[in-house]
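What follows is a group of structures, each given as structure tokens.
First chain A sits with chain B, and in the next complex the same chain sits with chain C.
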Partner chain A sequence: MSTRTRLLVCVAVLGALHLCVACAGFFAPYDPAAQDREHPYAPPARLHFVDAQGGLHLRPFFYAQMLRAGSFDIYEEDRTKATPVTFFVSGAPYTVLGVLPLRTHLFGGGDTPVYLLGTDGYGRDQFSRVLFGGQVSLLAGLIGAGLTLSIGLCVGAAAGFWGGWKDEALMRVAELFLALPWIYLLFAVRAFLPLAVPPLKAFLLVVAVIGAVGWARPARMVRGIVLSAKERDFVRAARGFGAPGGYLLRRHILPETAGVLLTQAAILVPQFVLAEMTLSFLGLGVPEPMPSWGNLLASLQHYNVLVSYWWMYLPALAMVPFFLGYLALASLLQGSAVEYKIEGASSGV
Partner chain B sequence: MVRSGRIGAPVAAGLAAIVAAILGCALVVHPAASFPTQANAKEEFLRVAGESGRPGGRIVVALRSEPKTLNPLIAVDGTTREVISAMQADLVHINRATQLTEPALAKLCKVSSDGLRYTLTLRQGLKFSDGHAVDIEDVLFTFRVYLDEAVHATQRDLLIVGGKPIAVRKVNAQTVVFTLAKPYGVGERLFDGLMILPRHLLETAYKEGKLAQAGALGTPANQWAGLGAFRLKEYVAGQRLVLERNPYYWKTDEQGRRLPYLDEIVFLFVPSADAQVLRFQSGETDMISRLGAENFSVLSRQARDYTMADAGPGLEYNFLFFNLNDLGEKAPAEMARKQRWFRSEKFRQAVSAAIDREAIVRLVYQGRGAALWGPVTPGNAGWVNARIAHAGRSVDKSRELLAQADFRLMSGENGEPRLVDPDGKPVEFSIITSSSNADRMKMAELIQDDLKQLGMRVQVVPLELRSLIDRVTATKEYDACVLGIVSFDADPNSDLNVWLSNGGMHLWNPSQKRPATDWEAEIDRLMEQQLTATNTSQRKKVYDRVQEILVDHQPMIFLASPDILAGAKKSIGNFHPTVLEPYVLWNVEQLYQRNGAENARR
Partner chain C sequence: MMRFLLRRLGHAAFLLIGVSVLAFFFSALAPGNYFDEMRLNPQMSAERLRALRAEYQVDRPMAVRYIRWVGAVVHGNLGFSFAYNTPVAPLLWARARNTLLLTGTATLLVWMLALPLGVWSAERLGRPADVTLSWATAVLLIVPDLALSLGLLVLAVRSGWLPTGGMVSVGFEGFSAAHKLRDVASHMVLPVTALVASALPISLRHVRAAVAEALEAPFLRAAEGHGISRRRLLYRYALPAAAHPLIALFGFSIGTLLSGSLLVEVVMSWPGLGPFLLEAILARDLYVVIGGVLLSTLFLVAGNFVADLLLYWADPRIRAETTGR
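Right, the complex of A and B next:
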């Protein structure tokens, strides 16, 4: 399989995963904040195809989970009544991409709740929370990476292109940011904000902080490329013909940074998703009841959850395909950039 | 209007205890002892009932923090007080199991008919843990020190009754008389926790004004003594505190054998609840208390070689309250608007009616707790007002109350209900709670969801506890708060500082110069009345009325009370947790290792 084909497959898989998260309302059977107080810490529902009498069902079904008498977190299946999974059911209202209001969900269990990944201590559906939580974490990663690369590109290009004291000053500032303990910076920023920060503001704060402190490394890489590119023959020739600095940057130099920027983006997105998760895990991210992958894992800080409810680990698995996808993409982008350069160099000769 | 002198007495001590309780410090433990010596005929022992144990062995218990001192005069936090309670003794003691007073160092306590004079007779043959004999001068010295303003003893306010210090007079070599300016409702409970100090060790420091420096944790074992079951053996900073059996202890078991049974008690400093559970599971510690319901379930399910005990609802009550402080004209407009809601009784009653207390008990305490509609928990059966209605959750009633207060329900985004005030502003506020207390965090989030159904938008803000206390009692920068208080005694006076309008722990509007409302003035009057009433049934009647006023006006919306949960290895004898602190170590002198010799080798 050629690099290009592999790249396309990788992008398609990542696109599909992101689509699932973007349309979380459709794929998730329930409102992620809805509490089912009769089912705290319910284990994942078991889907069956064969009933107690040995009959085969083409449509999967499940049994209702009932708390064992006298227990508050031990469940038993009520085998007297099988509930088939129904598709395209009407349920809690949601909006797709924040614009399209809908009520149709991919699947549901009718009057009997079906919790594919179990529930948390409030009886909230983990599956729905993982999907909706991905919206926060992935968006934070994507916007953060975009912000970082934009700042990095501007600073790196300016430093590399103009050189001299401007280069020195910008690079020293970049080094300062590299040394900055960003988690403490976030604590400090949080201390200056009002007591109750609305979820959107908290989200933007997280994005701003992780985006603003991560630009130094891409800036240094962009600077290196710009320093090299501005001495290339075609740039010198253009300058010789009287091309202004802005034109040189836009037309000849910045396009040279595209490969690095794309590769950096593919590396930075999972890094920033992880950063958002860290912040939410520590309680500095989006507030409850809004889910994010970080605060879904926060309950694992408690020993009893660690040892009693294994399905609380599942949100950690959800991010694995995303991270693998992004890292594979970065690897392929890097490979294709090298391939392109070698091909370019050969054809030049 | 409440006079500071009269009420001031128990107030500060109450404050100290309550703050310590809120801070969640705590744990304590006990004993150690070697070969119980037989009773000496010249000594007047206190014979205690209960299962006879076997001497020897040690127990290991975890503390969440190091005690700050061994000096009872400056002990404030729960951990420190619990360690000290194993090393010191008082004249009259509250039995944590029966919640009644019983003789301790004083073999007799007579109260005059007018309730103003308490005559206490000391046991004969008492000795401090260093072997030094106790005499009446030690008692006089102790109370002189407690009452000396320059010492700043935490117990001093307890000894100011009717605005005047209690007068202490020696009658003879064994007897002392305490004279009060006014009758005191708590009676001889007053003497509980007032540890008798060793004059021979502390008099010099007292004269030099250095008493507060005495009893530091690094004090050599031979320079510190008490009348408790154990005495200091070793302290390793950051790791452990080891106490050994006091060979001069003044209690015996039913067979006349001198207590305590244990040779040693080791306190390990283990800062987190989860780490304590792990140490207990691994067998590193012998007992565990202050367990959360979820950890209790984990340990119960494993059913290894330990006994898990649910002592029933304790004296901790958790509640939601709103900021009802008078913030003056400087208050931001938004806060002033919110306070107009909070001051509306119908608003508070609506919030109360919308809260699903049963769900709190089920989801937060896994059923190991009790829903609360008033300030007194079912664990305090003697003082709870049985007439207070236990109304179930009713969203309809809440909506009706809000409508009566001119709040309107609108339809918001996604068709969700949205509550607006009479000015058309949305009802949105935040609830602060302690980030270190997972139970209260969970309660706040359940309340958030309950109130969402009324159209209120609530945000839960976890704060570090000290920051939270500072906001509530000093800066007053908050909307609402979920907090809990652990009463240190079943008697209503233990919470005096919470109910009096001039109390520092009158959380919704602390330290008022004058009662802000008529009902707060009435509570002040009633609390003062019960304070001086010497008839228990009369006090109960008065305190019942206080509870009713609190429920009617809802300055605090009471939520739930957790059970006292504890565990111990099956090898520990006389393990009987109680709902009063120290939960598992109250009978430290009677605890014993069933396999003492084997245990001693650990």
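Right, the complex of A and C next:
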């Protein structure tokens, strides 16, 4: 496979994954906040294809989970009643991307609830919460990366283009931010902001904090590119023709930074998703009832949850395919950047 | 040499001062302080609160507090903790010791594994063994330390093989010396595993890339032609040539000794700097947070400094460059 096809496959897979999360309402069978008090800490439902008589079913079915008499968290499958999984069922209302109101869900269990990843202490469907939590975490990562790259681009371009003492001062500040251990920086910035805030505000706060912390590295990279690009012949020519600085930057210099910015984005998004997870896991980020990949794991800090309800750990694996995609994308982009550079160098000579 | 040293030291001092100003600046943006929560306490009168604020000087402007704090730093106590009612430095040091025990062991293990494995992998570049190892490191790279340490914890709890959480067992004080050592070591297994697993892939990949690049160099082909043994070729010829980026990375891993294990410590409830700092953040124990940030920055800066010194010692090009000026 050529690099180009690999890149396309990578982007397509990542796009599909993100689409799944963006349309969480459709893929999730339940509302993420809906509580089923009859089923707290229900283990993941087991999908069966072979029934008790040994007959094969193409449509998977499952047994209803019943609390064992006298216990509050031990479930037994009611083998007498098999419920087939039904597809495209009508259920809890939701909106796709915040605009399109719908009621159709990809699958459901009819009257018997089906919890693919089990439920939490309030009987909320973990599978739905993972999907909706992904919206929060990924959006935090994407917006955070966008914010960081914009700040980095502005600072780096300004430093590289102006040069002189302004360059010196900006780069000193960047060094300062690089010297700070970034997880401490994240904590410190968060520490000095209000603790108890409503979910949406907390989300914006977290995004702002994450986005404001990591700008130094991209800024240095952008500065380097701007420094070399501004001495290129075509830029000098344009300057000679009397092009103003803003035009030079916009038309000739900043397009040169696109490759680096893209690569940085592929590296930064998973990092920032992780930052959001860390903050929310520690209770400094997005609070309940809004699900996020971080606060879904927060209950594991309780020893009894860790011991008794292993499926509460499963949300931790949700980001693995995403991170794999981003890692592949980043290494492909880096590889193609190197190729491009070598090509450019040989044709330039 | 002196000039080089002085320049690096000046740079380090600048960074530390900058970080402390930055930390104070963020703290000035903060709404509220440690004593705000006490307003809810019916036994606290408004006058008493005002007196407390005045006593701890949280009502003074930022510049005044900063200067007083710098005075405290000069005296070596890093300010005063509201929650513990003692100077910050001894508190931090007690916790930092535990963190260093953990991260020191992990860093040592990482490099002891990364160097031979990286060289081994670079020697077999593109062959099945190397490809398998690359995949393994890629997997470790993807699974973040949060998921990794939680997973280890779940495994340990369900199997019951290893103690989970804390640094010592109940009744530690009464143990014999050997028993104490064994106890702490068994508590260290999980967090150290998590730390090694999250740091190893990065070091390993760097070692592999650097050595593979060095192996391509003409002088190595020449040495190979002279019939020098493979082992000597790898460790005496290729590894020193590849040392430059590795030394920088080593400096970085020294620098993150205090900050790299924060999350793992919190998850595994290791009594280190991580949980301590988190608690301080939640309680708005300002000077503890600033002290912690400063201490870990000090480590980062010191790590870079060590790397610079090592590079100066190891790379004749840098020596020539700095003395030539």
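Operating definition for what follows: the second predicted complex is superposed on the first by the 329 of 349 C-alpha atoms of A that agree within 3 Å, B and C clash if a C-alpha of one lies under 4 Å from a C-alpha of the other, contacts with A are read in each partner's own complex, and residues count from 1 in each chain.
As a convention for this text, a contact is a pair of C-beta atoms (placed from the backbone, for glycine too) under 8 Å apart; a residue touches a chain by one contact, two chains touch by 3 or more.
Keep in mind that this is a model prediction, so the values were computed, not measured.
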Partner chain(s) touched by A:F72 [first = chain B, second = chain C, both, neither]: first
Touching partner for A:A316 - first (chain B), second (chain C), both, neither: second
First, second, both or neither for A:L327, with chain B first and chain C second: second
First (chain B), second (chain C), both or neither touched by A:N304: first
Contacts of A:I267 with chain B and chain C, given as first, second, both or neither: neither
First, second, both or neither for A:L176, with chain B first and chain C second: second
More chain A residues in contact - chain B or chain C: C
First, second, both or neither for A:R37, with chain B first and chain C second: first
First (chain B), second (chain C), both or neither touched by A:P93: first
Shared chain A contacts, counted only where both chain B and chain C touch the same residue: 195, 283, 303, 307
Complex contact set, residues of chain B against chain A: 274, 277-278, 292, 294-295, 297-298, 301, 356, 359, 362-363, 366-367, 414-415, 429-430, 432, 435, 438, 442, 445-446, 448-449, 459-462, 477-479
Sites on chain A touched by chain B in the complex: 33, 35, 37, 40, 72-73, 93-95, 101, 121-123, 195-196, 198, 283, 287-289, 302-305, 307-308
Residue ranges of chain A in contact with chain C within the complex: 172-173, 175-176, 179-181, 183-185, 187-195, 274, 277-278, 281-284, 294, 297, 300-301, 303, 306-307, 310, 313, 316-317, 319-320, 323-324, 327
Complex contacts: residues of chain C adjacent to chain A: 14-15, 18-19, 22-23, 26-27, 29-32, 138, 141-144, 146-147, 150-151, 153-154, 157-158, 164-165, 256, 258-260, 262-263, 266-267, 277-278, 280-282, 284, 289-290, 292-293, 296-297, 300-301
